[in-house]
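Following this message is one structure expressed as structure tokens.
Each chain carries a letter (A, B and C) given by its place in the written order, and its residues are counted from 1.
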Amino acid sequence: MSAAVEVAGLSAGYGNGAIALRDVSFTATAGQAVAVLGPNGGGKTTLFRALLGELPAATGSIDLVGMPAYVPQTERSRLDFPVSALDVALMGAYARTPWYRRIAGSDHALARAALERVGLTDRAGLRFGALSGGQRQRVLIARALVQDAGVLLLDEPFAGVDRTSEEAIMQILDELRAEGRVMLIATHDVEQARRWDQVLCLAGSQIAYGPPVDTLTNAVLEGTYGEEIVMLDCGHRAVAIQHHSH
Amino acid sequence: MRWLTDPLALPFMQRALLATLLLAVAAGLLGTWIVLRRLAFFAHAVGTATFPGLVVAGPWGIAPPLAALGAGLGFAGLLARMTRRGVTSADAATGLLLTAALALGAILASDVYRSGAGVDRLLFGTLLGLGDGDVALAAGAAAAAVAATAALARTWLATGFDPAGAAALGIRAARGDWLLLALLAVTVVAVLPAVGALLVSTLLVVPAATARLLTESLGALLAAAVALAAFQGVAGLLLAYHLDLPPGPAIAVIGGGGFALAALGSSLRRAR
Amino acid sequence: MEILRSGLLQRALLEVVIVGATCGALGVWLLHVRNAYAAESLAHAMLPGLVVASLVGAPLLLGAAGGVLAAAALIALAGRDTRVGAEAAVGVTVTTAFGLGAVLALAPDVPARLGELLFGDLLGTSTPDLVAAGALGLLVTLALAAGHRSLAAAVFDPVAAPSLGVHPGRMQLALLALLAVAVVAAVQSLGNLLVLALIVAPAAAGIRLGASLRAQIAVAASLGALAGLLGLVASAELDVAAGAAVALAAIALWVMAALLRPAPAGAGAGAQGTRRSPLDALSG
């Protein structure tokens, strides 16, 4: 299996010289889902931006095939924008449509299919902002499906999401893994991280990378989250994480 | 119908009407993007900042649109420098720079060039005294707005909707936005002869804001903004003619009334 | 210096110094709550009130007060619809207010004093004007002094403030009310369009130069007064419009402060450095 994402010695920062992320190295192969854990400000977003090509890497290298699809948190989108769920899904076809061409009929069909896949066919015509948080997240995933990218970057896709949407999203992600795509999922949910293939712990620099059983240890988690963590020890290793409000 | 046909028999009114309709296209289209992309304050500031340029245009022998453009671009450039790296908040910097432009214009007007009464015309427009050049500029702006909207609507919409994800979608966000700013500058300069430096928002923001209260989809927004701008402009023009009022301000008052009506209707509908 | 000999200039000097100091101090608070835009909008949207007062021969202060109240109410109403957005709604209100003021002022057979209303009539300060400015300035200063601790709590620690018995929302309203008073006082000297200079520039400079909050306020008030003095002297010596000269003096002082003490690096670093869009810095 060839590597779909290979990052070696990556350090990246913002223009004023401050390095936000130090020395990150990991390899993810096709069909792998990587949970990206870490406190806010620890570099998860910086990593994603670097992978999207928005931040020039200070040092190190990024090797990935094609442009990743980005599924952001929905608060960052403009909820009052005059776009329907279908419009948003269609945005996934923009990269392959030159500015002087209308969006192809085949892409329209793809968008509808993607919405059906996330279970939102009957909401296709509604304004994006009128949907619930979980439904909005699913629309953004549909957009990523239309993009047909090999690599998906998801920013806390389960945050504040209702049960139905959570299950629908989980199912899609499993399907995408089976299709051989690579997913990086930024999350605060340690329990959820256990079900993915690899875990990357970031706290300004790389604390650990590996299968959950190796990385989700007390030592690593303390190293990642520092004082933000509250550990409960009642037989099973249950961990509660406090994080700052955004 | 005499109230309509009588004024339109006069050449200067015909020119005013033509310019108004052309500007309605330019300002309605661009105004939609201004409101969607949260550029209302910036647009108003650029308009106001052209004031010193307009003041010196005559005495220095520069074509007013060029002088205005120069002043506007100078303002935008200074503003960009000041807000880069978050050194000053955009609000404060915009407010200060536009006040500086007004003060500078006032000094140049009243003392250096003694054009006291002319300041009114520069600030509030001379829709009834347009030249052919003004109409040509309006036509150019309208054409540019139509072309740019056709080519860049997708880009502008996607960039505004999800700036973080735009790059991943293959959107050239920066390039699209530079073009948007350029078009904004051109449109501001085009509406100046009609409504003056203080009132550019009345065509560039008010119709689009009113449209936002009435409709949801992008296509409908663009069409409604143009239609409202046209209606507002023509109604203001006729009102000014018959009641002997300054036309730019008359257009502004009608625009405000339209927005108020739409807001009232919208909140009544929601209360139901 | 001639300025001390002429009664007219003495009054103008006193007026502009009082106004400058008051606006400077208040401006510091407004900038800390990030409300420069509210200041601009209120100050501009009251033009019709001024014009009406001028037309019916009422004291300007009355027209200014009425105009400010109407403007504040309309701005609050207009901003309620989230689709349009507060920024655009304020723009609609301000431009309509300008239009209304101009319609009233420029209609024929009306003694138009539009120029003075827009740019001020500092040299026409009468003794009643001066007394009014003094009273209003005192009011604002006392209010700021009395409320200093509550304001500081509300602005710098809004989360903890309620437990300290301070309501951030009410403090914001109080600040806006004081802003209205200050603008009413300042409109005689600088006019509707230029008051913003005295409200924002000395305050921005004060924040840049002052180490503590009290120092910032003190510096801002002093710079506001200084701007008034410098502007008036420049206007007398160079024979240029007085209000505009004061406005430019205030802004020049701010530029000097910015050059003297560049802002800390890393401010707002988060969004910079990414190759995004020129609109990131410009739009609201």
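Basically, a residue touches a chain if its C-beta (ideal position, glycine included) is under 8 Å from a C-beta of that chain, and two chains touch if they have at least 3 such contacts.
Nothing here was measured: the structure is a model prediction, and the numbers come from that model.
Quick check: more C-beta contact pairs in A-B or A-C?
Most contacts of the two pairs: A-B.
Which chain is most central here if centres come from C-alpha coordinates alone?
It is chain B that sits nearest the middle.
Would you kindly say which chain has the C-alpha centre located farthest from the C-alpha centre of chain A?
So the farthest one, by centre of C-alpha atoms, is C.
Centroid from C-alpha atoms only, then distance chain B to chain C, rounded to Å. What do you get?
25
Counting in whole Å, what is the centre-to-centre distance of chain A and chain B, each centre being its mean C-alpha position?
41
What whole-number Å value describes the gap between the mean CA coordinates of chain A and chain C?
Here the centre of chain C sits 46 Å away from the centre of chain A.
Among the residues of chain B, pick out those that touch two or more other chains and give their numbers.
In chain B, the residues touching two or more other chains are 85, 163.
Out of chain A, which residues touch more than one other chain, so two or more?
Those would be 15-16, 54.
Residues of chain C that touch two or more other chains: which are they?
Expected reply: 83, 85, 265, 269, 272, 275-276.
Touching residues of chain B toward chain C in the complex: what are they?
34-35, 37-44, 79-80, 83-92, 95-96, 98-100, 102-104, 106-107, 110-112, 116, 119-120, 123-124, 159, 163, 173-174, 176-178, 180-181, 198-199, 201-202, 205-206, 208-209, 212-213, 243-246, 248-253, 255-256, 259, 263, 266-267
Under the touch definition given earlier, write down the residues of chain A that touch chain C in their complex.
Those in contact with chain C are residues 13-18, 49, 54-55, 80.
Residue numbers of chain C touching chain B in their complex, please.
The contact residues of chain C facing chain B are 31, 34, 36-37, 39-40, 77-78, 80-81, 83-85, 87-103, 106-108, 114-115, 118-119, 193-194, 196-197, 200-201, 204, 238-241, 243-245, 247-248, 251, 254, 258, 262-263, 265, 267-269, 271-272, 275-284.
Spell out the part of chain C that touches chain A in their complex, as residue ranges.
82-83, 85, 265-266, 269-270, 272-276
Within their complex, state which residues of chain A touch chain B.
Of all residues in chain A, those touching chain B are 15-16, 52-54, 67-72, 76-78, 81-84, 88, 91-92, 94-97, 99-100, 127-128, 140, 143, 147, 149, 153.
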